[in-house]
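Labels A, B, C and D are assigned to the chains in the order they are written; within every chain, residues are numbered from 1.
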Amino acid sequence: MADAPTTEADGPTAPALDERAQQVLARLEAELGDALVEHGSALGDLVVRVRPDAWRRAAEACRQALDCDFLSFVSGIDWMPTPVVEEDAGGDTSSPVQPREMTFGVAGSAGRLQVFAHVESTYAPHWAVTLKTDVDEAAPRLESWVPVYAGADWHERETWEMYGVVFDGHPSLRHLYLPAEFEGHPLRKDFPLLARDVKPWPGLVDVEPMPGESEAGETAGEGEDAS
Amino acid sequence: MTDLLALDIGWGTTLGIKTLVVLGLVPMGALILGYTFLLKMMSHMQSRLGPMDPGGFHGWYQLVGDGIKFLQKEDIMPERADRRVFALAPAIVVLSTFLVFVVIPAGPRIKVADLDVGVFYALAVSSLSVIGVLMAGWASANKYALLGGLRAAAQLIAYELPLVLAVVGVVVQAGTMNLNEIVVFQRDAEIFGWGGIGFPLILTQFIGFALFMVATQAELTQPPFDMPVAESELVAGYMVEYTGFRFLFFFIGEFGTAFAFSGLAATLFLGGWAVPGVEGTAADVLGPIVLFAKVMFVAFLMFWARFTYPRLREDQLQALAWKWLIPIALVNILATGVLKVAF
Amino acid sequence: MTTTPPRDIPEFDVDPTLYRHLADTQMNVELDTGDMILNIGPQHPATHGTLRLVVRLDGERVVAADPIIGYMHRGYEKLVEFRTYPQITTLINRIDWLSSFANEVPFIAAAERLMEIEAPPRAQWIRTTLTELSRIATFLLFLGEMGLQVGAITPAFYGFRDREYVLNLIEAVTGGRFHPNFNRIGGIKEDLPWGWIADCKQAMAKVLESCDTFEDLVVGNPIFEQRTRSIGIIPASVGASYGVSGSNLRASGVDWDLRRDGKPYLPYHELDWKVWTHPDGDSFARYWVRLQETRESARMVLQLVDGLPSGPIMAKVPRIIKVPAGEAWINTENPLGEMGYYVVSKGATGPFRVKIRSASFSNVSILPWVLRGVFVPDVITILASLYFILGDIDR
Amino acid sequence: MKREVKGMVGGLGVTLKTMLRPAVTVQYPHEREDPAPRARGVIALKEENCTVCMLCARSCPDWCIYIEGHKEQRPPRREGGRPRSVSLLDRFDIDYALCMYCGICVEVCPFDALFWSPEYEYSEHHIADLLHDKEKLGEWMATVPEPEPLELGAEKAKK
């Protein structure tokens, strides 16, 4: 569909797809037709976004038409920015500040949650492709890849417990890493990292000012300037 | 020894002394083998030093200290264990070790019991230990222990046969089952008219010796046949629930039996205490030393293999016993018999 | 050497019914038939840490096996979202702690690509040297460890002993035996200390000698061969669909090595080396392939230190590192297999999302398939031959 | 069959040969191997160089550095100059129970106040004792080695 990748414009100009990636794309387009929503390039690697209802068909196409017999990973991504509880919660400036508005990466997204996967070929010329698909935020569901790639089993279990995406047709969707009674989906952006909340940030300037000098401590905030 | 001291000792006292000697010998032998081979030889084979500090000289005190530590430990019994069987099992294992020691002669008169069926007796009582092992495995109420116990039972039964058959060649050649007489036979026989070193039966019974060593290794559940304890699979097999002095019993049983089997091998194949040309009281003094040296040599071979080889699988072990060792042993007996008649 | 034909294995099947029942064992173990359920781990000598295997036994034969992981899950994918790029290398060091240096490389490479920075040649060569050294360290331990798991104690000590020589080298350069934290975006932290190259050559001679020792002590031993030949056969197609990678897949005859076939990430193409494969796909093949790769790596290190270019070790890098928005997927050939990072950046000082693809995770996920029908001792052999690091499974 | 026998005997040869060679063990408390000069053992603090800029505490991924300070007036360096205000350390603690030994603090320090020392013998019975205060961190300064010379082909250090 849309040929121009909708990467954020301020990034470095993404290198165009090389010849190998072009071939992969051509084959995928032939296999999937209009189920292939968008494609883009992540530093020259092909990233395609497929319609959610074609998720398993995309896997079959990769396995059969592209010889991509090797499953690298299946995982999810939450594009929502981390909600800020208070403006200066503990004054912690050590964590990276991400943009506040929701932006999407290579090949775009329809909403907050996406599932993405990478498959490779063990045969020369070692074709590889990253597949993305959108899942509904309210009721994330997707077809399982297990019938196509047996190794998707654990990856999908992980995605399920970390993002709450339910995979239809998965043999036993149960907790992989976390205890069975765990609630919540830790890798979603609205799941707080408690380790950063329970302890005050030690980076706060704690230099007693000289008598007569103003409080507020901006005097010694030379952290950035000093070096 | 009695004439040497020119004392008239009653049979009761003699029995007491003999019992004490055996009771002392077994832990002693276990200690010596444990220290020399398990702690020191293994360490050096693995490019390490082993214990160096306890006792000052090369950590000689380490095992004694370990023994004392075991005695101080709390006596833990699994909740669902069969308590009486659990408690009895180590005692049976150690008992079988004690009983083997009884018949091994260390000199013309230094012997606890002079049985006419010594060979038969030794091999019979040594397999008593399997009952203890099976009891331990069953009573522990632990799946690993159960697997270990069952493996041990299967293994010890399979290897009893080659062990006995390997010895038959010696018995045929010496014409007696009395261990002391076998030693005397080896001392007095000559190699083509030359009696410098007597006639250690290993010269003709080399195959028998090799089979005996392999079967011994299996009897002692040492690598390459240590499936019943299999550290990396069953953790410690039938011993997994044992601690404190009960574990110490198993330890003494393991190394005591190794000592006893080395003694048997030395007696049957290497000429035992015999030193050609030395007789009477001198032989009584020299005999134990010579026997000890031979025991250490045999034990060295045993432990050398133990520290070098990986372990077989249970079915492969059975295949080895039934397909290779037993047929070879039978052929060996046949050949010995034929040659015995021919010469 | 005769190669045993593989067992009759269906080409491709996922029949979870056999182990679906075990899904419930995580909560309660129910013995509904005469089979015995044996719980191997999380504390068991053969599981190198805290892997837990629930196996259902018929006698000593495994009917079904279910690995339970997560006892060491540290949530790195979450933690890295709260850290800046320079801070992250300390964390990802600890994923596969035996070859920590190799863990850093793909992440740093991804950040460098996004920033359009290229490390100077000398830095690249030193990176390659240290990556290969960590591969040697990992494999030497494996070569000994595998002996231990099949019952021979001694090789394990040789493995630990000889690995020390390599760790000493890594420590002399990076300051850390296990956690070097030595890669920086745009280069490396420090240059080699004086006399290091000579030490390195000596150590490589020892490594090659050590490989011969393992050949005599382990590979040549008929008992070892009996225990490993045709045990745990993984056909190439099944292995690939489970994501089994690295030496494990090459032991199944797949001639695929990311150092040669992947996107170039380190100057491997300037070296003279070969990719080892073995057609059998059994435990023995996996051991054999790793033994050959250890030798190959030692030879590569010798070439690397001989051809080390001179020059700077850091490219020009802004003082505060902000990675431009974009996505990068870098996968590399780590000692345990394919290690990859999918880095999503939004232009901040830290990544927005990092998907860590660790090798052991996929290598171990094949266990339910490969353990079916083997004996309990073979379970241990197969676990050892797949060679996993718990930190690499649980991340 | 010949290969099998060779394999069995070859293994025995390896262990026997090793047994006859000296062991590699170092009897630690009696003798010790010195770690490499670059080894990251413990962090030493040169207090007079510290300006309480908090850079180390901020860049620490584990949040294990705790700093407090105060300001003081000092006489001017040159005649007639303005009096300087300097920041002095009151507290500089590193919690080695949390520290990951990454060395980021040493690297970011702009005034050369933090150094690595290869010293490693500071284990404690109580985890709280692993919090080293500025006096203790200052003591480690004595064990900081000189920077090593670099291998051939390295760029000369800029400092």
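Following the convention adopted for this analysis, a contact is a pair of C-beta atoms (placed from the backbone, for glycine too) under 8 Å apart; a residue touches a chain by one contact, two chains touch by 3 or more.
No experiment lies behind these values; they were computed from the predicted model shown.
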- [ ] Name the chain whose C-alpha centroid is farthest from the C-alpha centroid of subunit B.
- [x] A
TODO: Name the most central chain, where centre means the mean of Cα atoms.
DONE: C
- [ ] If you tally C-beta pairs in contact for every chain pair, which pair wins? Let me know.
- [x] A-C
Task: Chain centre separation in whole Å, for subunit D relative to subunit B (CA means) - done: 54
Task: Chain centre separation (subunit B, subunit C; CA means) in Å - done: 44
Open item on the list: Distance between subunit A and subunit D based on Cα centroids, please, to the nearest Å.
Closed with: 37
TODO: Round to the nearest whole Å and give the separation of the Cα centres of subunit A and subunit B.
DONE: 65
Task: Two or more partner chains touched - positions in subunit D - done: 8, 11, 14-15, 18, 24, 59
TODO: Find every residue in subunit A that makes contact with two or more other chains and list them.
DONE: 94, 227
- [ ] Could you list which residues of subunit C touch at least two other chains?
- [x] 83-84, 154, 158, 161, 217-218, 221
Open item on the list: Chains as vertices, touching pairs as edges: which of line, ring, star, complete or other describes this one?
Closed with: other
- [ ] Chain pairs that touch, all of them, please.
- [x] A-C, A-D, B-C, B-D, C-D
Open item on the list: If we count contacts the way the header does, which residues on subunit D are in touch with subunit A in the complex?
Closed with: 51-55, 57-60, 63-73, 85, 87, 90, 108, 110-111
Task: subunit B-facing residues of subunit D, complex - done: 8, 11-12, 14-16, 18-19, 21, 23-25, 27
TODO: Over in the complex, which subunit C residues touch subunit B? Could you list them?
DONE: 36, 38, 44-46, 60, 147-154, 157-158, 161, 217-218, 221, 223-224, 226-227, 375-380
Task: Residues on subunit C engaged by subunit A in the complex (per definition of touch) - done: 12, 14, 16, 20, 23, 26-27, 69-70, 73, 75, 77-79, 81-84, 113-116, 236-238, 240-245, 249, 254, 256, 261-263, 319, 324-329, 331, 338, 340, 342, 344, 346-353, 355, 357, 361-362, 365-366, 369, 394
Task: Touching residues on subunit A, where the partner in the complex is subunit D - done: 93-94, 199, 201-210, 213, 219-220, 222-223, 226-227
